[in-house]
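Have a look at these structures, which come just after this line.
After this come two complexes, each holding chain A, first together with chain B and then together with chain C.
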Partner chain A sequence: MIASQIRSMWLVFKHLFRRNVTVQYPEEKPYLAPRYRGRIILSRDPNGDERCVACNLCAVACPPDCISLQKTEDPDGRWRPEYFRINFSRCIMCGLCEDACPTYAIQLTPDFEMCEYDRQNMVYEKEDLLIDGPGKYHDYSFYQVAGKAIAGKDKGEADNEAEPINIKSLNL
Partner chain B sequence: MTTSIWITLLNIFGVLIVTVLLAAILTWGERRLLGFWQDRPGPNRVGPFGTMQVMADMIKLFFKEDFIPRFADIPVFVLAPTVVMATMLIAFGVVPMSPNIGVADLNIGLLFVLAMSSIAVYSIILGGYASNNKYALLGGLRAAAQTVSYEVFMGLSLMGVVMMSGSFNLRDIVNAQAELWFIVPQFLGFFVFFIAGIAESRRTPFDLPEAEHELTAGFHTEYSGMKFGMFFVGEYLAVILIAALITTLFLGGWHGPWLPPIIWFCLKTALLVAIFILLRASLPRPRYDQLMKFGWKVMLPLSLANLLATAGVLLWTA
Partner chain C sequence: MPTITIDGEKYQVDGDQNLLSSCLTLGLNIPYFCWHPEMGSVGACRQCAMIEYKDSEDQSGRLIMSCMTPIRDGGIYSVNAEMAKEFRGGIIEDLMTNHPHDCPVCEEGGECHLQDMTEMSGHTMRRYRGSKRTHRNQYLGPFINHEMNRCITCYRCVRFYNEYAGGNDLQALGRNHQIYFGRQEEGRLENGFSGNLVEVCPTGVFTDKTFSAHFVRKWDLQTAPSICEHCAVGCNTAPGARESSNNLDPILRRITNLYHHDINGYFLCDRGRFGYEYVNSATRIDKVLSVRDEDLIGSTADNKDILHKEINPQDAVLNLSVQITAAQRQLRRIIGIGSPRSSLENNFALRQLVGADHFYSGLNYLDQEVLQLVNSLQSDDRILSPSTPEIETSDAVLIIGEDIYNTAPRIALAVRQAARNRQKQAAQSLKIPLWQDASVRQLEEEHSPIIFIGTALSNLDDIADATLFESPQKTALFTHALAQEISGYKAPNLKMPPHLQEMVKRTAAILLKAGKPLIISGTSGKHPGTLQAVAELSRALSDDKKTPTKLYLACSEANSLGLTQLFNGTEGNLQQLVQTLTDQRSANIPTSLIILENDLYRRLDKHSVEKLFSLVDEVILLDTLLTPTAKRANCIFPASATAESQGTFVNNNGLAQRFYAVYEGKGFIQESWRWLVDAVDFCTETCENLSVLKEWKHSTDISDAIAREFRVLRVLDELGPDENFRIDGLRIARQSSRYSGRTAIHAQEHVSETPPINDPDAPMSFSMEGIHNPNKTQLQANIWSPGWNSNQSIFKFQEQVGGERKGGPSGKMIERPRHPIPDWTNTLEKSPQPPNSMQMLPIYRLFGSEELSNQSMAISELIEAPFVLINPKEMTQHGVNEGELVDIETSSGIYRTEIRRCNTTPEGCIGVPYGLPGLETLAALMPGYATLRPAATHSIAGVEN
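Take a look at the complex of A and B:
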């Protein structure tokens, strides 16, 4: 019995010469993968237009209901959010909004340092969320691949899209 | 005459301040060592190597609400934490640290230390009783039973040392070890006293009175602020006292080659304190009945056998 106690003491003592596993956080930052699920952003397409089409799928997918937005329509036919609000004091960084998004607009980033002294400051508005770049998907532009007609791009002019056929012209 | 008074005063306050400071620093030292043994750095943010953690903790303790529950037995509740700290500090008075450092030269120094460390347990029992809390009372009960069973052979294990040196005076005991440290002829006594010492200072693996996992914090559940701080400092003082006692009784006190006596004393004591902390880092707490069984059925017979053998050998060679 005594021998086993002394053995366990010796084993613990040997840990004095082991490397610490602790990461000294503010000085020493851990590597975060590019797909790390942190602070949420709204990206723009390669032309610099907002990708978000205000479809509300992210708000529906969001488990803690922290996303709130309102659709509006531009004169050129584009849909965009009038406001887009994420309450980060409720967000659980689950990434379901990113999965639900049909236009790659909403994305999670490898940044988690977003502490605030005031809870109100955790509510991010659209101007806080929008970034200038395309995020993780460099070449994707929703209106370039979708059949929706906007000013300057009529039906059938999108990539991989054929001219629409007027079925009344077919002799059936 | 006046110079001797000054020297005595210097001795008294020097020992007092150094022991209290050491107990405070040990709170940091223990956490740091425990950290290293658990592959983490421990407190290292405040000041160089985290040494100012002691100050930070002290400031925190002083400014915390010193809450006394309404259901407590207030005079006893207030008195209890002072007992452990006072008795431990008084006990340091007779520990000789070097040929000319040490407060009192008592001819029954060893008995005095044992008595003081036994009185310290009143602090735990009274604190547990006065808190009027189930957990605290259970902790106090355990402390009482633990002391009763471990006090007996704690004293008995030292009788071998007393017989060999022929004195209860700690200074004489140290002087008797100039040739050979008592750990060699009295290894059994050392072993028994070491374990009893851990039980006496209520350190893991014998920290059943406070057993965080079962009794929240045991006897000091209801204590906060500086009253809790005094229990804490008292515990660390007990650790240093037991280490200093083992040094004096078994490891030759200040005796050692090359280095000055006080350095040798401090080195040996520090080593023992580190072993105490290593014990805490590595060994689990036994069940309560195992503790009692171990005390009465293993340690008591061992110390009695040691006593008998020592007496026999001494009579044979006399």
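Take a look at the complex of A and C:
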């Protein structure tokens, strides 16, 4: 009993001579890995097109249900979100949306500094979420992998796709 | 009942089923693609493999396709044996080699049978790295999207479309591993049941184009059981709604089939599936409108049309209540006009408000007369109104004067199945089980006899073995002769040409020989004589067979038969109203007319409608769409559409069915009865009638009141639980447990969530809280089971595959007092035809004849421009050619339309499309007379006054 108390005091005393781990935030900022789960962004594919195809998977994966969007289809055949909204005042930064996203569009970033006096300001629309680059995944382009034809990528032009069949030929 | 062993467990199963459906009935999960509960097995996909053991000694067993295996009493099977699992895993891996990997941009995703089966078979990682075969897609019309690369070659689509629904423009093209399911040339899928491909195809090859335009995933749709309002068959539907993007109001996004064993089974028609868009159309009323006083300079509106402006709902309600109060003091008269397309509850509320004496049916004399005839026919014990499965098992069908494909489409699909009964009988005598679809269809039997007599027949001509195109008068005469032939009574006065006499004899022989004959007729011909002759025939047949005759009678609108129950005979018809008002004009008392969801221009000729409006001082309309009648109303209240409200319809069989609100209509939209109750609430003076209205807080209050007031409608209080019903203390959830976006969808307006609105009418919540399991209650319309995300999961909620829903059939037959039909034998009329005139016969169109669906964007693309049909002989006589414009001169004006040749239009008649946009006002004139002449100058088709 007494031995344990002496041991504790010794440990505390020893720490007097250790280096400080507390940093002087915000003057000093610690390193956060790219995979850190902070503020969410929407990225673009290597060509600069919006990556999000409005599949709704992030929204359904989200535990507090704070993502909402509406699919629309552009004349070029791409699916896109007509609007895309995240209510960050509800978001728990779990990253499940990023896990669910089949296009790498939605990504969490190392930015966690999102304080607001007014909760309403925590509601982000697509304009607020969309960044100019591909984020953490530089080369991935969903439409290059998926078979749906869009302007500039016809049937048969995605990865591993053969020329479309001419059904009026003999097809031997 | 045979006993079988599956994976060591013993089960008792129905010996008539195959092994796959028996296993599914037992609740076991076995993946499958090509088998369909309604279409049987063909063994094409090989996904449903199981193991069968010779006996209990047999250790290895052999692979079998469960969908192709009959039940063997004492049989020992395995679903989970390693060999079976491995085989199924291999099959799905092969099927997926060419899959385009576009689930995120596939409308099927989230309710895809292919996703479900892939998951179930354990194929979670792709190994194939070779190249994928690709196809180009086709344009298939405004309803269906085509994305051919997703196909797994199960052949369900062509089996449904060609073999089941009788289409001929969808084929399996190409060969070996390049099979293509599409049309020879791009273009609209012509069959009126094409929409079912969306649910029949287990993948995303065929998807709903109208849904895609405002797409959300299945789990994001709010739903409730509803009834299709586009004809009187009464198919059950599961509409889906969700908030729209730019404001908080939900919009209706799609219709899917909701299984009802006795009505629609697994299939809907395209009018029912795609007609829903009228709810979101530009002509939808969502504000309270009233006359605009200020003159608009340069307005292009017809001078009689009233221009409207939005007003505060409270002012409008107050104004109405002032009128009601005045009526209490005898200072005003209020007349109510009901509607066959509105619920019984709405009609009854209006009747209660204005009093039974001042309540009119909203039908013209003739329409009401034929409906009453239908009603009395169905009240005879010798006549039985058959359910869809009963229609499908008839072995001889006689259709009299009803183009059912266009007036009761789902019934036409059932008749098509009835045509196969000889084939099925032959199969049974050869001991081929009926689920062996490919084998049964190979038997070269003739069709079961299908005989048609009437004005026009669509879609069924390929299976009809005798057709006779005649005017309604001749149709009645033929039917009459047939009845006499069957009863053995020979009237000396029936003059008929020999070929008709011969056909009468043949038809009589067929009906007498048949074990389960079926007669189909209806109100669309607007000809009482035909229905009377049909009555005579049914009676004669029943006397001969000593069993009730199966007689299906099609009515025109969703609640036609319901409305009929509120009136005696033809009392309360619109002509009577005009007459009464004319007679009482001298009384000099101001009159208000409240019209419930009804466009009078479709009911009465133009002059009578104008006269009616001129006889009243104030026209108040409650409706969903801006109809021509709305343009004449002083005040318009926005009424809920079917999917936005709760109420009761009575279908063609006399089955009362309740529909529930799927979502709350936008803006100020509310149920018509609520507007009326609101107005009464403001009244300063009340009488007994009105205080009843004041008490109504829930839709079921009115249902109960109807049940008390009308003996025939007693069942209305048993149709479903009231709003206080709870299961384990919970309401039934309209939203799925995975409904997404709850805390974001409204966040742009206000970041804190508002509580969900309360439903005053049904024990259901407008949220995801509550009961989700459709086995606990039929009020749950989201058909979903773990691992079974598509609509195919319905088998989890049936007594057995293809059987009744667990919990019994929904809906209740209204209890009409039984009366033998009177003797109408001598009432064959002979109305004089004005010289040089032609009789206008109503012909019907799947797209174009029904008022509400005409406003749906996709359907309106397919509606034809105004035309009339005439036979080639008359064409020469009138000196007109195909495609030319003609003037149809009628008592309510001249209509300029295109003329089309039609060999089957009876002589002396023109076929006029009923309700077709541009010709709507002709509906009320049929079957009257008109003269026809070539159009003087070539101008566009349209109406002149």
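To be clear about the criterion, the second predicted complex is superposed on the first by the 145 of 172 C-alpha atoms of A that agree within 3 Å, B and C clash if a C-alpha of one lies under 4 Å from a C-alpha of the other, contacts with A are read in each partner's own complex, and residues count from 1 in each chain.
Convention: a contact is a pair of C-beta atoms (placed from the backbone, for glycine too) under 8 Å apart; a residue touches a chain by one contact, two chains touch by 3 or more.
Owing to the predicted nature of the structure, the values given are computational and were not obtained by experimental measurement.
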Could you say whether A:Gly156 touches chain B, chain C, both of them, or neither, answering first, second, both or neither? second
Examine A:Arg19 and indicate which partner it touches, taking first as chain B and second as chain C; both and neither are also allowed. first
Count the residues of chain A touched by chain B and by chain C, then name the partner with the higher count. C
Output check: A:Cys66 vs chain B and chain C. Expected answer is one of first, second, both, neither. What do you get? second
First (chain B), second (chain C), both or neither touched by A:Gln144: neither
Examine A:Leu57 and indicate which partner it touches, taking first as chain B and second as chain C; both and neither are also allowed. second
Can you tell me which positions in chain B touch chain A when the two form their complex? 36-41, 278-279, 281-283
Contact set on chain A toward chain B in their complex: 5, 8-9, 11-13, 15-16, 18-22, 24
Residue ranges of chain C in contact with chain A within the complex: 99-106, 109-110, 129-137, 147, 149, 173-176, 178, 180, 182, 212, 214-217, 219-220, 244-246, 738-745, 747-748, 750-752
In the complex, chain A residues that touch chain C: 53, 55-57, 59-60, 62, 64-71, 73, 79, 82-83, 85-87, 89-90, 102-103, 119-120, 122-123, 125, 142, 145-149, 155-156, 158, 160-165, 167, 171
